[in-house]
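Consider the two complexes below, in which subunit A is the common component and subunit B and subunit C are the respective partners.
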Partner chain A sequence: MKFEFNHSIIWGISLLISLLICPLLPGIINKVKAFFAGRRGPRLLQLYYDLGKLLCKGAVFSHTTSGVLQLAPVVSLAGLGGCILLFPFGCAASPLAFTGDVILFAYLLALGRVLTVLGALDTGSSFEGMGASREIEFSALAEGALFTVIAFLILITGHFSLSDMLIGFETNQWLRFCAPMPLIFGAFGLVLLTEACRVPVDDPETHLELTMIHEAMILDYGGPDMALIEYGAALKLWLLSSIAVLLVLPVPGSSMFWNILLYFGGVFLMAILIGITESVTARFRMLKVPRMLTGALGFALIAILWIRIFRGGLL
Partner chain B sequence: MNAFVEIISVALLITDLVLVISGRLLHSIRWVAIQGILLGLLPLLLHESGFGVQMLILAVINLSVKGILLPLLLIRAMRKADVRRELEPFVGYTASLILLLAATAICFGFCRYWNIAPGAASPASVPVAFTTMVTGLFIIIARRKAITQAIGFLIFENGISMFGICMMLEHGLMVELGILLDVFVLVFVMGIALFNINREFSHIDSDKLNSLGDWDLPAQNHKDGEAEQ
Partner chain C sequence: MVLFDASLFLLAAGGILALISNRNDRIATICGLTGGLGGTLCGAIGAIRAFLTPEIRTVAEGAVIQQPEMMAAFFLMPVTILGAFAAIHSVGYLKHHGHGRLGIYWFFYNLMIASMILVPLSATPVTFLFCWEIMGLTSFALVAYEYHSRETMKAAWIYLLACHAGIAFLIPMFMIHLGIWQTANATLWLFLTGAIGFGLKAGLPGLHVWLPEAHPAAPAPVSSVMSGAMINLGIFGILTYAVKSNDHFLLYGYFLLICGIIGAFGGAVSAYAQQNLKRLLACSSVENIGIICMGLGFGFLGFGYQNNFMAVCGFTGAFLHILNHAVLKGTLFLAAGEVYRSTGTLNMDLLGGLMKRIPGTGRIFTLAGLSLSGLPPFNAFPGEFAIYLAGFAGLAAKSTLLFVISLAGILGLAVTGGVVCGVFAKAIGGTFLGEPRSSHASEAEKTPVSIFGAMTGLISLAVIMLVATPVMTLLLRKMPEMFLKTAGNEIAQHSNHLAGLMLKLTAASGIVLIFFIMIWLLRYMLLTGKSVEKGPTWDCGYAEPTARMEYTATSFARPLCKDINLLSCFKKHEQKPDGLFPESASVTVTAEDPATAAWWKPLFEFFGKIAEKVHRLQSGSLHWYILMMVIAVLAMLIWGFVFQTDKTAGQKDHGKVSVKKEVVK
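Our next item is the complex of A and B:
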């Protein structure tokens, strides 16, 4: 029982640290991009300054909008708040985990997106409508790939909860199934870039209305609502990078200290990796994104095929 | 040991998927080169099984010819014929991907069901070899440009030689070298032919060669004339 209690404390501390330092991730990505471009780039803590500035401001809303516009940022951050309670931070299982919580996790992420889209439609701006349409199209395709990745994890671990699925491997099991893992990691990487609105799909830096996706949907927000949205985006990036890290580093060691160190180190490494990807690839044409996401789905399906045919898996 | 073979098999499968959805020729050629290099590494990981020197020779030749020489030839042919990308393929890219996924599933199921190659180095490598062959054939069928079809042939050959390496057939080396010579000559001849076709007709859509005939020419000239007016 004491062991369990220890786990919960570690999970709680990691969760709090994650909540505090997640705005660092976009800073790291921007630093890496600036390094590749030969610039100095914004400060590492830039997002903290931005959040502070936005929180001190007031908000203005158009008279033609209804409450949905104001509801959207709060609900999407609340959805993310629900997600993080189910996630195994610092390689310690979440105390709130239950069987099948992975479905809840995926759809809490989706809930925030749906509210953002509804808020964008609520403003009646044609640009925001366009952004909303693109967001829904791409995320519908990404969801298929995400669930195929989840199905793969369920098949090889036999667990249905997010915590057990991500950290419930044993070393032997991991070695047995390591071959299709690059496929799964590739598929999830593409999903991550889509969900977190990073470069090959969407450019968080762009401010040309015709090319924006996520940025187009939040044109009408300012002040504290904008701060909620920015923080939510950073938190989502942190969460998705953590999943990617746990896919590569699935075996919790015996020492808690090393687990935590590896987890946080892995997330920052992931941010550097995203920064490098953004620096060396150009943004895709809109028409190419569905092709890429179908490719991600294909990767995950082949991985499932591989273990089903050659390794038995669950059954 | 076995795990390395499997990881290379997975990497080859990824190259197949990328090749079937890539439209830019330079991109495709680079990925074919990657495929050649992966294939060259494969015999080095199998050396414990007693084919030491032969496998080493095979690896070196595969690496140099498929990883470097043939891609360079293809890039040269591409520059000379002045084509950059495959426009309007017969089968769209997303449809190609879905068809390839179905083909992969069939290849995997086929190899599993009939247990085609019990002596292979790794159970997964044989279906991957088949999938690579299917990818090559599919690209030959579904793309318009002669140079993409040559790339397809190269992929097909990669599949065959992967099968050969993983089965470690007797006299594998001789068979491999024979096939390699064929491919080399083919790509070489294709490069020259491509250049000449391009000079004559100002495009290399092999599709348009289907309707060669005298009766086409006046009509086409007429149309060109109209365009000029």
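Our next item is the complex of A and C:
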């Protein structure tokens, strides 16, 4: 993809807007869930208020901890910072994209995850150990599905960089390859729900620590650290939803205005979709999640073989 | 060459002087350390010079050792550099155990390093085999250093058997190599015998029996050298002797890639299941050798399918990973040794909380562990990145077989990456974080300067290597060319491209570091002036959780091990609570090595049965022995008679027939 000044400006502006409005996503999801449950639910901007409150607070650290606990949220967020620089915000290729940056992207997400796990183990709490153990279990299995999705994108676009992969195929090409798209979308959707700790895998609002995964790992945080974690989770959800959107969107069109509109509209639609999913399904038993992730891997593999054997789509 | 002569001389002199002064610990240590350090430093300088300027190379006629070519020099670097740091570490490590035997230790240590330097320098197969054997024997002596323990001796015997099984394959390999033994399909047999013979040293999957046994048993500096440098020499052997011709790239590629995928995934999963810290690291070596083999496999496949970009990425990734793994695994073993020295145990379920008691070791282990997990701002990532790129290039290829194997490679690498994150989270969390789970851990001793110095030196080297990755990629560009007869312009071009990508990766690491500093400063500013208190861990309403309530390393690893139970190698032994007033209940989960269970155990039991039957011949009765001698002499007479007439008849009439018959025999 050629470097274009216009594109970079669009990218930069979309990046800033995304950074600002990403805490809206959990709000939207909660609103949708509340709608389904017939409640009014928390405010749409609730996370902003939470973040503001947390940033003004002090902190309490356990005697047991040794500094890894305090390091973890900072490293996680720094890793996400690396991720956002590679991401094609607003359907404009990132000016910093390079061949193979998709690997860097996936592994920076993994960095944040591992540090969170270490932070949890640092407290010596049995519940946090449990959460950490589950996080590693599910993410290791999700990694396979994620990379198969990436392999699928490489196969149909021929590009190795995240930007070119997600926005590099035109409408014609998209139509040609769209038949296995639902499978890939399904596979990535399951990865998304796992990585973002959403309902069929993990319930962010459960009241029982025994059944938590991500929330169990951050039991011992408070104050600014908690704010960093909450913001990081929202940003990660935004990034993953954006990937899901760009995966199915036949972009880019010629008009940048439409691109941006589609991108942001798509992300919000994705949030509503997640909300609906959370409303209509219950959390799986822990033992069922590995099977679900293997299923995701299966979907992605079928899609990739479909493309390889039939080259098939509608055109 | 002078440097290598000096290096070998210093090592030998240091070792022998140490052996002579065995009675006095201090003099033995001084002799051994001086010789070891001097020797390895000379060797390191020589290796680096030979690597940078491979043109200056003189081969004397009839010499047994020679100036190393580029490949040999490359593999000499980890040997010499790790050898030096491990020697420094040995001083502190052996201070408390090993009185009166320090001279012996230093003698064998220096001899082992010397033989490891000699292996790549050998000019003839006989020299090579000789040095290879010395390397095996000296390291056997070091593995058996704590000989009074039954466990150690068992491990040492397994190691010795593995070494000799390797030699049994290497001798036929060299016979094919030299043309003494002529067969059809010589290349195939050369490669297979070589891959098995060297694979036994390198720890290819299925042949890795000795790694999880010998590494935990050996003193930490020795396991560090063995894991970081010696197993690489197996890869060196495959690349130098077993890989020969120009046109069998597909065979090499598919073999190494499949081995690599199995080794990487299997190694990672079995590492995750281990309870012993050093055994975990040993299994992780199997995994890393797997990743290296995957890189090499992609490289050969790239040549085979004329996809030079793939070849360059694969080879560069493999070679980068060899260097990074050497430094990082060396550091990790040294740190694990320090854990053992200060606490007296390596069982992770008894450790914990060491980050506060031996903070330097804890930090270094954490850094090295995260690096070896292949996480981005750290070391091992660039190598894995290049291997992924090679896999991606293979995906886009026309050949269906290549597509399938590339997809399998990418999948294998991805899932392995996920599991390895767990492996090191377990190792770091179980050993260094949380509360100490036993008195071993709560009464850990302080780290001596020599140990801390050695570990710091190695980890600083890792940081330098991270920054220098683009330069290293450029320097490595000549290595893939060695497998091709013709040096192509295209390869250099692809290398430059890859080096550019590495530069971007380094820049990305820098950016992540800057983000980290910025967020840390922001956090610091937000917390200044606010109350920052200390309290107990919040354990869901139950304040002051005890160490017994902590998640142990084993329970941490259990769910994933249950999901991926390869060949059902994880066995659960439980004693359930029984009756109205249950007294004792226990659960233990053991991880048995699938290769050991599948064929090594049956194989050795079979040999054991044969040996028992043969043993009956040794009845102690003189008459019986005399009868046997008579039978043997008779048999030899008959055999010689038949053989002799056959041969002379053949030679007289038509020479060709006799040659053919010999081959058949």
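We take it that the second predicted complex is superposed on the first by the 307 of 315 C-alpha atoms of A that agree within 3 Å, B and C clash if a C-alpha of one lies under 4 Å from a C-alpha of the other, contacts with A are read in each partner's own complex, and residues count from 1 in each chain.
The working rule: a contact is a pair of C-beta atoms (placed from the backbone, for glycine too) under 8 Å apart; a residue touches a chain by one contact, two chains touch by 3 or more.
Given the structure is predicted, the values throughout are model-derived calculations rather than measurements.
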Original post:
What is the contact status of A:G186 with respect to subunit B (first) and subunit C (second): first, second, both, or neither?
Top reply: first
Original post:
Who contacts more of subunit A, subunit B or subunit C?
Top reply: C
**OP:** Classify the contacts of A:F299 with the two partner chains as first (subunit B alone), second (subunit C alone), both, or neither.
**Re:** first
Original post:
Taking the superposition as given, does A:F310 touch the first partner, subunit B, the second, subunit C, both, or neither?
Top reply: first
**OP:** Could you look at A:K57 and tell me whether it touches subunit B, subunit C, both or neither (first, second, both, neither)?
**Re:** second
**OP:** May I ask you to decide whether A:P290 touches subunit B, subunit C, both, or neither, giving the answer as first, second, both or neither?
**Re:** both
Original post:
First (subunit B), second (subunit C), both or neither: which does A:I229 touch?
Top reply: neither
Original post:
For A:L108, is the partner it touches subunit B (first), subunit C (second), both, or none of the two (neither)?
Top reply: second
Original post:
Which subunit A residues come up in both lists, the one for subunit B and the one for subunit C?
Top reply: 290
Original post:
What part of subunit C is in contact with subunit A in the complex they form?
Top reply: 352-353, 355-356, 359, 362, 366, 370, 373-377, 381, 384-385, 388-389, 392, 395-396, 400, 403, 407, 410-411, 413-415, 417-419, 421-422, 424-425, 428-430, 432-435, 501, 504-505, 508, 511-513, 515-516, 519-520, 523, 526-527, 530-540, 545, 547, 549-551, 555-560, 563
Subject >> subunit A-touching residues of subunit B, taken from the complex the two chains share >> reply: 3, 6-7, 9-11, 13-14, 17-18, 21, 93-94, 97-98, 100-101, 104-105, 108-109, 112, 123-124, 127
Original post:
Within the complex, which stretch of subunit A touches subunit B?
Top reply: 175, 178-180, 182-183, 186, 290-291, 294-295, 298-299, 301-302, 305-306, 309-310
Original post:
Along subunit A, where are the residues that touch subunit C in the complex?
Top reply: 55, 57-68, 74-75, 77-79, 81-82, 85, 98-101, 103-104, 106-108, 110-111, 113-114, 117-118, 121-130, 132-134, 136-137, 139-144, 146-148, 151, 154-155, 158, 160, 209, 219-220, 223-225, 228, 286, 290, 304, 308
